[in-house]
Amino acid sequence: MVGSALRPKPNVSTLYSRGVTSNLHARLRVTRRRSLELAQSLTAEDMVVQPSDDASPTKWHLAHVSWFFETFVLKVHLPGYEIFDDRFAYCFNSYYVGAGDRQPRSQRGLLTRPTLDEVLAYRRHVDNKLDELFAQPECLSRDVQSLIETGINHEQQHQELLLTDILWLFAESPLAPAYREDAPGLNTMPSQDAPPINWIDVGGGIFQIGHDGNGFAWDNESPSHNVLLQPFRIADRLVTNGEWLQFIEDGGYQNPLLWLSDGWTRASQEHWQAPLRWHRRDDDGWQQMTLYGLQPLNPAAPVTHISYFEADAYARWARCRLPTEFEWETAVRRAVDPDACSAASETLVPQPLDGDSECALQQAFGHVWQWTASAYLPYPGYRVPEGTIGEYNGKFMVSQHVLRGSSCVTPAGHSRVTYRNFFYLHQRWQFTGMRLASEVAP
Amino acid sequence: MVGSALRPKPNVSTLYSRGVTSNLHARLRVTRRRSLELAQSLTAEDMVVQPSDDASPTKWHLAHVSWFFETFVLKVHLPGYEIFDDRFAYCFNSYYVGAGDRQPRSQRGLLTRPTLDEVLAYRRHVDNKLDELFAQPECLSRDVQSLIETGINHEQQHQELLLTDILWLFAESPLAPAYREDAPGLNTMPSQDAPPINWIDVGGGIFQIGHDGNGFAWDNESPSHNVLLQPFRIADRLVTNGEWLQFIEDGGYQNPLLWLSDGWTRASQEHWQAPLRWHRRDDDGWQQMTLYGLQPLNPAAPVTHISYFEADAYARWARCRLPTEFEWETAVRRAVDPDACSAASETLVPQPLDGDSECALQQAFGHVWQWTASAYLPYPGYRVPEGTIGEYNGKFMVSQHVLRGSSCVTPAGHSRVTYRNFFYLHQRWQFTGMRLASEVAP
Amino acid sequence: MVGSALRPKPNVSTLYSRGVTSNLHARLRVTRRRSLELAQSLTAEDMVVQPSDDASPTKWHLAHVSWFFETFVLKVHLPGYEIFDDRFAYCFNSYYVGAGDRQPRSQRGLLTRPTLDEVLAYRRHVDNKLDELFAQPECLSRDVQSLIETGINHEQQHQELLLTDILWLFAESPLAPAYREDAPGLNTMPSQDAPPINWIDVGGGIFQIGHDGNGFAWDNESPSHNVLLQPFRIADRLVTNGEWLQFIEDGGYQNPLLWLSDGWTRASQEHWQAPLRWHRRDDDGWQQMTLYGLQPLNPAAPVTHISYFEADAYARWARCRLPTEFEWETAVRRAVDPDACSAASETLVPQPLDGDSECALQQAFGHVWQWTASAYLPYPGYRVPEGTIGEYNGKFMVSQHVLRGSSCVTPAGHSRVTYRNFFYLHQRWQFTGMRLASEVAP
Amino acid sequence: MVGSALRPKPNVSTLYSRGVTSNLHARLRVTRRRSLELAQSLTAEDMVVQPSDDASPTKWHLAHVSWFFETFVLKVHLPGYEIFDDRFAYCFNSYYVGAGDRQPRSQRGLLTRPTLDEVLAYRRHVDNKLDELFAQPECLSRDVQSLIETGINHEQQHQELLLTDILWLFAESPLAPAYREDAPGLNTMPSQDAPPINWIDVGGGIFQIGHDGNGFAWDNESPSHNVLLQPFRIADRLVTNGEWLQFIEDGGYQNPLLWLSDGWTRASQEHWQAPLRWHRRDDDGWQQMTLYGLQPLNPAAPVTHISYFEADAYARWARCRLPTEFEWETAVRRAVDPDACSAASETLVPQPLDGDSECALQQAFGHVWQWTASAYLPYPGYRVPEGTIGEYNGKFMVSQHVLRGSSCVTPAGHSRVTYRNFFYLHQRWQFTGMRLASEVAP
């Protein structure tokens, strides 16, 4: 999602009845409020520091999503709206060239000013003005509603980033602080490993891929189109920490024959010996830095904080491969009952299989983003949306791979079978994991 | 081709009759001789220097391809063969972990020893021993013939690299020397621009992609499989220098809205203002460094030495896109009569359209490699071949894009409609160019 | 001072009478209080961010100087003292290997925890315990007093760094905030240039250099020793902004013949066109980022934020040279009446000459540190002090040049004619300036 | 000497009699011939490759010294002289801005053209024209003779560099070739360690330093001037490999307390565990790459290929220090009979003490350059010479330290008690070593 362009569907489905509008307003308020709740356990100091060029400070996230509403909704569609502070556009524009110059990404952590208090005032101002907008039905055209819907989803994406970026910051701290103190059951989890993988066979054929136009979706999920697939099989569950330990113990990180050439170069340069956030303590065995602080590694939980290169090497070691994004979507469409299976995780770590699922294919959503074998490229016939907000659609469609599903820190309501997340092959700070696939044995 | 793994087809088609064998022997000799001919105009000094980590010295190419025959053919299949020099494996192994440690790629230019004379003696030794092998029919199993066929194609790949790497070296020289002096017609070419593009429409449907098993192919061209394509149109000719000048004059290199984000970053860092090897002289206009030295830019000739990022930006500027590798292969299969159209260029620069082609789709082969919109990934069901030579198959199948066709420096007989070349998105020192495509207008 | 080792004089002069002790206690309290006062106008956010590897966050400075007292005084000399928090040694040790592992210098800005409140509690704890120590005369041996004196001077050094580091942070901010709002007279200063330089001639001979043992001094000021000097002349005042503008306008930054080779390389790489913190506004002329925010450049004020390389180039342009540290010390000893001339600046920018000085050589202290032609090396017979605190004495005595005098942000009472400050040749974020010297004309 | 500016003494002593002139001519011829002799065992390939930015190819050295004579002597002083090839100035100018643009230093290894044959023809041309010049006495003013003298010394400097640069190239080669095959006695040397150090005491006082004007000297050896020294003692011999092994075995490379801070950083980054060119073989013990190839380490021979940082750490470990350049010069002036002691080494490795010296202070010249504690700075009153050749005098006088003496590869006749060599603190590819000094014990 870092690097994810904001892609409005040109025609978000019909949201213009009163009920729909008030529902939109309610969801907007919930979303805006949740951002603040996420920051509640943090100090002003925690919120200003940038742990890496890839990550942004909490304060910057809080301001940027407000700038988004100000720039693309209020400034254009609320009569008489006045910019809160002229200087904020420079500070909080992410990468919209059309919206003017901006603070370089790698220097977002230098923005000790505007202060947190000023940013919170900015948020309140924007919230009030959005309320005013909802009080004027004549301003709420379908397009405006669509922009607001986009803003909600945009803010949800940044909520996920806020959490992964804070985890990065705390993971760099010699004090390894916990973002959240209450970790019910984290330490008492049964540490037995997961049940064996069940393989789900999917026959070949022509399948529809992408978003059908009902409800919100990003533009990279369109156009809906057909693909031709060969028969394949896919694992019913995610790869676990326990399985990853076997990979480590079998010398997986020392054997170049398992790795892509670029992956081996990266792993060597950065001395990878385990997933990011894993630490071996002589006396305590493996521990994992989580949003609950350092915790013992749960072998039954899905492995996370792995790069594409590691996922690919693991799959080769396991004599399997990663699924393509088309296989993943096809398998999940067929095997998963969204009502029964898509519930988001209630904790901020990926959870072991609970065994009670009614879905054949489990852990599709709410645990870890799942690397696919598919490069992130536009769907056939993809077109860049018109207008400022869509200015840069597609400019990230290269060099990255697609991840499917959603993670333990994805906001509720933000998961979708057609969702395409994307990151660079070496990146590990998101909640990234994997699911195995293979050809069907003859 | 740098970075291209060597991928033997497990079952190269039946080559075992006597005639086939002697044909193989003849082609082997021709290929081996041509490598020396390519080096003939070079001094020992020219052959030892490495202009960049991406490129290798001529001497290294000459030795490496011989080491390949020694290691994978002679050592294993010629009874009583003794290694020419134990130390050469370290010097001239490229990236085969199974074949032991090796000189780091970036330090190939430090190998002033073994000297050129020693390397030439090494070549003669290997040639003599290959002759001995052909004199012993009982040693020439189908597998051995397949390995020799692989070695021929491997040496052909390095012949192309030898030329692009020498061009790099000479382009870095303040004296801008010519690799070849005779450039018949280079300066007298009609400098009028190319005729307008004719668009070739291809209807949608299911098409077969990849190699069918007749004749040699690299393993990355298999398995043959079906893909589902939407209707598309593709240009009948390549983009020209003249068209590229319009892109430059229209501010193409200054407009971030035309570029992929990663491309813009790279272009900014490296100050790209034109294709590689272009130079603007105040009084003489644009010139291009070629294997014939500095030459006036021919507006009718295909543009070359462009990165994927530039090709993509140009296509966006032209309100088109790049074809996928599947579209390219399908269009060429349908429109090109191989006998009429595949002839390799006789000069070492890409040529303007001559107007006499009987093919609807022209310049498919023998001019420039053509960037496609397809990431370089394995075909469905691709499997790594067994054995040492195939040890690293597929390890380059990530982060790069596929190029199709062949170039003005591709050896005769090395072009193929299913051929998949691949390079990183920023690389420009090969003879890389582009052909436009787009959706079919409704 | 960054990188300045802490060097106690083994025998600080006799401080053991009651009066001396209470004087020490008073000065300790003043010093400790001043650190907090310096931070008063800053937010918690301002205090945690690190603008560069060379600079440290305010919070880190506040904690580090407290850790210094805890580690070298309280832990060793206050009976029953218990460490405030075991984890702080890792966080706030700067570079004392003997004191254990530590947070890497470049990652001091990641320490959002311990929070500012915790650090302030730490300071109070240390202050209270230091009070307890002073209540126990039997603990206050001469050595302990010497350590406390060292701690005071150490904290004063960090007070100067705190200000230069905050200026760096604010200079990086797109909002260019002012550290201090009241800048009396800054804008109304007469902008006429300084009076012409008067040259002070000093005859050759043998002169005593270094500290004579009365009062506190760092160990790098000892041993006192003789040097043999040739006759020289030295400017009575500092080089001004107005003079520097002439250097700029005369192409000083474009002429390699004026620069040391290493300086030219650095200036080219970093695109130096003016001193650090200078900005040219089309309509407003030159401005300078100061602790009072962006201010019009005062041509009569001493130039500051220049590297050694720039100082050296300027001197060559002016057909002069920099004084050696021995010439500087000799000239100042002879020409400056300390009571009349050493008063520290009352504002946080270097001031123009006021014209009323009774000293022949003016602006020796309280304006800018003055680069000398002397490499930072140990004095003859210099010995590393024994014990933990002196563990690393001398380890910075290479690759840097000596600066003499003191600056507008040097704490009162911290200036000394024998003081040796030192920085790398490219560094510019301190208040560094210059004074010209030359041979005596024959 | 890399980085050493060429500094003509304005008034080289009177060389204008006929005898002096023919002596100059003879020495010129000997020097020019020796450069070619040094290259005799090298292939054209060896001569073109550049092993590092710090080192230059042999061919470049051969051409550059010729360009020097052409540019500063022939072009200006031989009537009717025509430039051999206009393009050579760009190729072979080292760093003289006044002489125009030039090939970047780091790209000297790309100059496969002009070829070696062309460079040899260039040398012959320059030699012939210099002969012509000597045939025209009216052209041989004192200034011209001085320039030729400078050219001879310049070429001698490059002869030393040629050897150290070739050693670097061969040391990088997996074949570790020998530059010279005959190493009489190298392997049969008595491997006993050197005799104990005798300390030479020198009383304090005022001493004259620098060149007195008789015979050639570089300008950095002037002006002759007085310095005031404290009493000191200096070792009669160099530190040996055997002593260095004790330093290694005592953990010298693992103990940060022995190192300057910058040195420890560098040693850590580059993983220094021994001097450059040392290799430990499991079965053979320590070996050293020399101009005779890999040889067993001789414990009695002087240690070489050490940086300043290592020399300084060793001295601290040995509870001594390095001498200043003034102490070194004073001790050598007093203790060394030049006729008896200054003989250059006959082999290309530093030699053990032979025990027969009549000098109290041994190994001053002809073994290894000796790091001093003195930063490389101008002498008091130093002035940049006028004119093109002296254009950049002094531009290297910063950031480096002075080395005194001469090495086993310094040409005969090029050693001098006032000679100041200088290198950066981390550089190790020259024949650099050390001699201990200390204060006089009370």
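Each chain gets a letter, A, B, C and D, in the order it is written, and its residues are counted from 1.
The working rule: contacts are C-beta pairs under 8 Å (C-beta built on N, C-alpha and C of every residue); 3 or more make two chains touch, one makes a residue touch a chain.
Computed from a predicted structure; not experimentally measured.
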Partner chains that chain C and chain D have in common: none
Identity of the chain that, by mean CA position, is farthest from chain B: C
Chain centre separation (chain A, chain C; CA means) in Å: 47
Whole-Å gap between the CA centroids of chain A and chain D: 60
Inter-chain touch pairs (all): A-B, A-C, B-D, C-D
Chain B-facing residues of chain D, complex: 43-49, 51, 59, 87, 90-91, 103, 107, 109-116, 169, 172-175, 177
Chain B residues touching chain A - in the complex, by the definition given at the top: 3, 95, 97-98, 206, 225-228, 230, 256-257, 259-264, 308, 312, 373-375, 377, 380-381, 391-392, 395-399, 425, 439
